[in-house]
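You will see two complexes here that share subunit A, one where it goes with subunit B and one where it goes with subunit C.
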Partner chain A sequence: MNNKVIIIGAGPAGLSAAITLAEKNIAVLVIDEYLYAGGRLLGQLYEEKPGTWWNGIVESERLLERAKSLEVEFLLQTSVSDLEKVDQTWLIHTTKGIFRTRHLLLATGAAESPFPIPGWTLPGVMSVGAAQVMTNVHRVKPGKRGVIIGVNVLSSAIAMELQLAGVQVAAITLPHANLLTKGNSNPLEVMNSLLHVAHMAPSPLVKIGSKLMKNDFMKKLGINFYPKNGVKMWDIPIMLRKAVVEIVGKDEVEGVILATINTDGSIVKGSEKRIKADFVCIAGGLYPLAELASLAGCPFHYIEQLGGFIPLHNEQMETNLEGLYVAGNITGIEGAKVALAQGKVAALTISQRLNAGASQHDIKLAIQDVEKTRATAHIQFHPDILAGRQQMKQIWAESVVPLATH
Partner chain B sequence: MQNKSMIVCRCEEVSYDELVESASKYKCSARELKLRTRAGMGYCGGRTCRTMVDNIAHLHHPRTSDEITLKHQAPIRPVRFANLGEVKS
Partner chain C sequence: MTERIMSHPVLGNLILKEKVTFTFDEQVFEGYEGESLAAALLAQGIRTLRLHEETGQPRGIYCNIGHCFECRVNVNGLEGERACLTPISDGMVVKSGQTLPTSVRDWRKNLEQ
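On to the complex of A and B.
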């Protein structure tokens, strides 16, 4: 039972790794705590270019069918609670017992980082990803009328999905500034971060506008004259000059207090207004979910462009621990297509270790494919993602003595 | 309002103000901030507040690439006692 490769996480990285390994006739077991395979792919639905939609559910079904046809084994609704190494073997403690392997791939993806707002512990406040899963996966409306706090790629994409499902989004707006909303609460900073994803905006006007605004003066002008009631995207007002000061309600969310803010994020006194909502989403962005790498003993490095603490790894997706590999968002926050490409790299590296017919050349090509996918990605979560990747590469080069040369 | 009552760590009921005050007073690491306030030490193991506790600590404590980060401790997901070692009577 030791010769099976185990993958934790059935998202795009895990599924693509499983398929690549199985194609080389390597036995694979994929463990995931969710009840469906697909990971965050399941929530995704957006228009890549006019008329072409990326439907995550269809993509994950396609991957799952391919994996199953290659006899990849799946263990869903199974949580991993601990990981330890005994001799050469990884022991994976799960709710369905202990599993053992010499080659373990962590493809655990990302989690959402929240920021606090007064009233955020009321029932009816959720992360924006939770609203997405309820709507797209479980087909349950999170409420009738919601407010999304936090303007970023993820929240605007999910707002559109909610709208498609017939859930009204009253506004996407900023949080009032506190020390934890840094980067999320300053209109100018938020505007900046939106500019590099402006090509996703549906209205040609916004697209043209964003080209004009790629210079500082225009940006300031833009934010000064930014309509107080927001610009509408898919009929949803995006309010960069308003902030939620408080979420209100007696026993559950009943609304939010919205105030007009100056370009520096400070509140215009007396502008507070109460608007109705029966649910509120907090959109604070994503960070790599790397608990298991931490339990295993991987060293971590904080790299802002990659979304937070990243386990040390190389381009071949190896950690510095023998037999432990990583792929997907655990290595840095990027889109599903990059995760798919990384999963393939990890699988080829494992195949090479197992002498199962993957050459250094194959791995090199797969790494090039990751880079190409990154360069042409539809969504970039951080504009300086490349600098972050470069930093990790350098840390690896400086800190790790190649395993192969001893 | 209300930052006094704005909870950051729900398990241990640690408020935003308490964290910010401790961080500015001791200019300590994220780990020390956790130990001083108990934020992140409740039964969820810091799954909700971890990044916030880390960010508050680093308002006053510069990040270095080799510092010890907030630790993860098994079990990282809830487990039944029976799964840990059931005693059959």
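On to the complex of A and C.
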């Protein structure tokens, strides 16, 4: 059992790592909590260029088939609750027993931050990712007419996917400012981040607009003159000057209270209006799902550009704990293609440790491929992702933490 | 009432698996083998999966991928199962969570009256 590499997470990073390892004749076990392999790749659906779609379900199936043909073992519907290291071996506590390995890859991906807004516990309120999975994976409409709270890359992409499936999106709007919404309720900050999705918009108006808004003065001007009823992207009004102050309904969502906000995010008194909706999506952005790295004892660093607290790791995807590796969104929020490329790096590093025929040159090429993929990414979750990656590299280089021996 | 997306401009037509029946709070529902309990119920307009243990307020799915535990129900006698991660099977017995007794608070309330 000890000689098998274990990967936690069957998303793009985990699958690509499993395939790379199996291609080097290394036995692999992949553990995942979900019903199917693919992770968050499953729900993804967007047009890369006219007529060419990135279909997450097809991509996941392709990866799964390849992994299975290489005899990668899968243990789905299995939750991991704890990690511990005894001597040189990682013990992985799961709902299906304890598994052991010398080399463990954490590819646990990301989770969504919520905005607590009055009424957010009502049935019919869900994370925007939940609506995506319901729609694209389970093929069940989350509702007839929804409001998305939170304007960001993920919510814009999913709004388009909902529309594509025949689900009406009444508006994408901001949450009302409170202690927990931070920059997400400030029109200027949101506008700033939104400029990075503008290239995805089919509307030339939005595209041209984004070019005009490169400097701060223009952005402020843009917010001041931003139409109160929003600009339409994929025919969905994006309202940077409106905020949801409350989600209403008796036993289920029946609508939201929208108010006009000033450029600083404060509410224009008396502007509250009720609009109808039978579901509401909360889009607070993604953060790395890293509890297992924390349980293992990894040191963490907060890097905003990467989406939150990140376990210390190097470019080869090693943590500072011997035999523990990370890949995918646990290392920072980026698209599935970057995760795929990172999974390969992690796998090559592990095979080098196992003397299974991966040279330093192979690893270097794989790292270059990550960088190339990042540079040409269709969706960028943070405009300064490179600075974030650089910061982690710096921290690793300066880190005097020796390989922990637990 | 929500509905299933039978045809999709990019994903194509929905291929349904074998039909199964299960019960949710003694009411019989249909679904398709292996699909998630949360999806099967939502497809039939069921959004409320439990009542909050203390306040009795209704709760449904939130994250749909196992992180938040908002959709916890009783499946075949097992408490705290996540509806979003539970594949349905024929004859499955599902019960929603109900309000639990809060004896200390009730005692205090009665005392105040």
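Just so it is clear, the second predicted complex is superposed on the first by the 399 of 406 C-alpha atoms of A that agree within 3 Å, B and C clash if a C-alpha of one lies under 4 Å from a C-alpha of the other, contacts with A are read in each partner's own complex, and residues count from 1 in each chain.
Keep this in mind: a contact is a pair of C-beta atoms (placed from the backbone, for glycine too) under 8 Å apart; a residue touches a chain by one contact, two chains touch by 3 or more.
Just so it is clear, the structure is predicted and the values come from calculations on it, not from any experiment.
Legend: residue contacts after superposition of the two complexes on their common chain; A:G308 is shown touching subunit B, with no touch to subunit C.
When the shared chain is aligned, subunit B and subunit C each come close enough to touch A:E33. Judged by the touch definition given at the top, the superposed model places A:A356 against neither subunit B nor subunit C. In the superposition on chain A, contact is made by A:E252 with subunit C only, not with subunit B.
Of the two partner chains placed by superposition, A:L91 touches none, neither subunit B nor subunit C. In the superposed model, A:H138 lies in contact with subunit C only, and not with subunit B. Contacts of A:A165 after superposition on the shared chain: subunit C is touched, whereas subunit B is not. In the superposition on chain A, A:A130 makes contact with subunit C only, not with subunit B. Touch criterion not met for A:A377: it reaches neither subunit B nor subunit C.
The contact surfaces that subunit B and subunit C form on subunit A in the two complexes overlap at residues 33, 79, 111, 114, 121. Per the touch definition, subunit A reaches subunit C in the complex via residues 33-35, 40, 45, 53, 55, 57, 77, 79, 111-112, 114, 121-127, 129-131, 133-136, 138-144, 164-166, 251-252, 289. Across the complex, subunit B meets subunit A through its residues 1-3, 5-8, 10, 16, 20, 47-48, 51-52, 55-56, 59, 63, 65, 69, 71-80, 83.
Looking at the complex, you find that subunit C touches subunit A at residues 2-6, 8-11, 14, 34-36, 39, 42-43, 47-49, 52, 57-68, 70, 84-85, 87. Considering their complex, residues 33, 79-83, 93, 95, 111, 113-121, 178-180, 182, 246, 287, 291-292, 294-295, 300-302, 308-309, 395 of subunit A touch subunit B.
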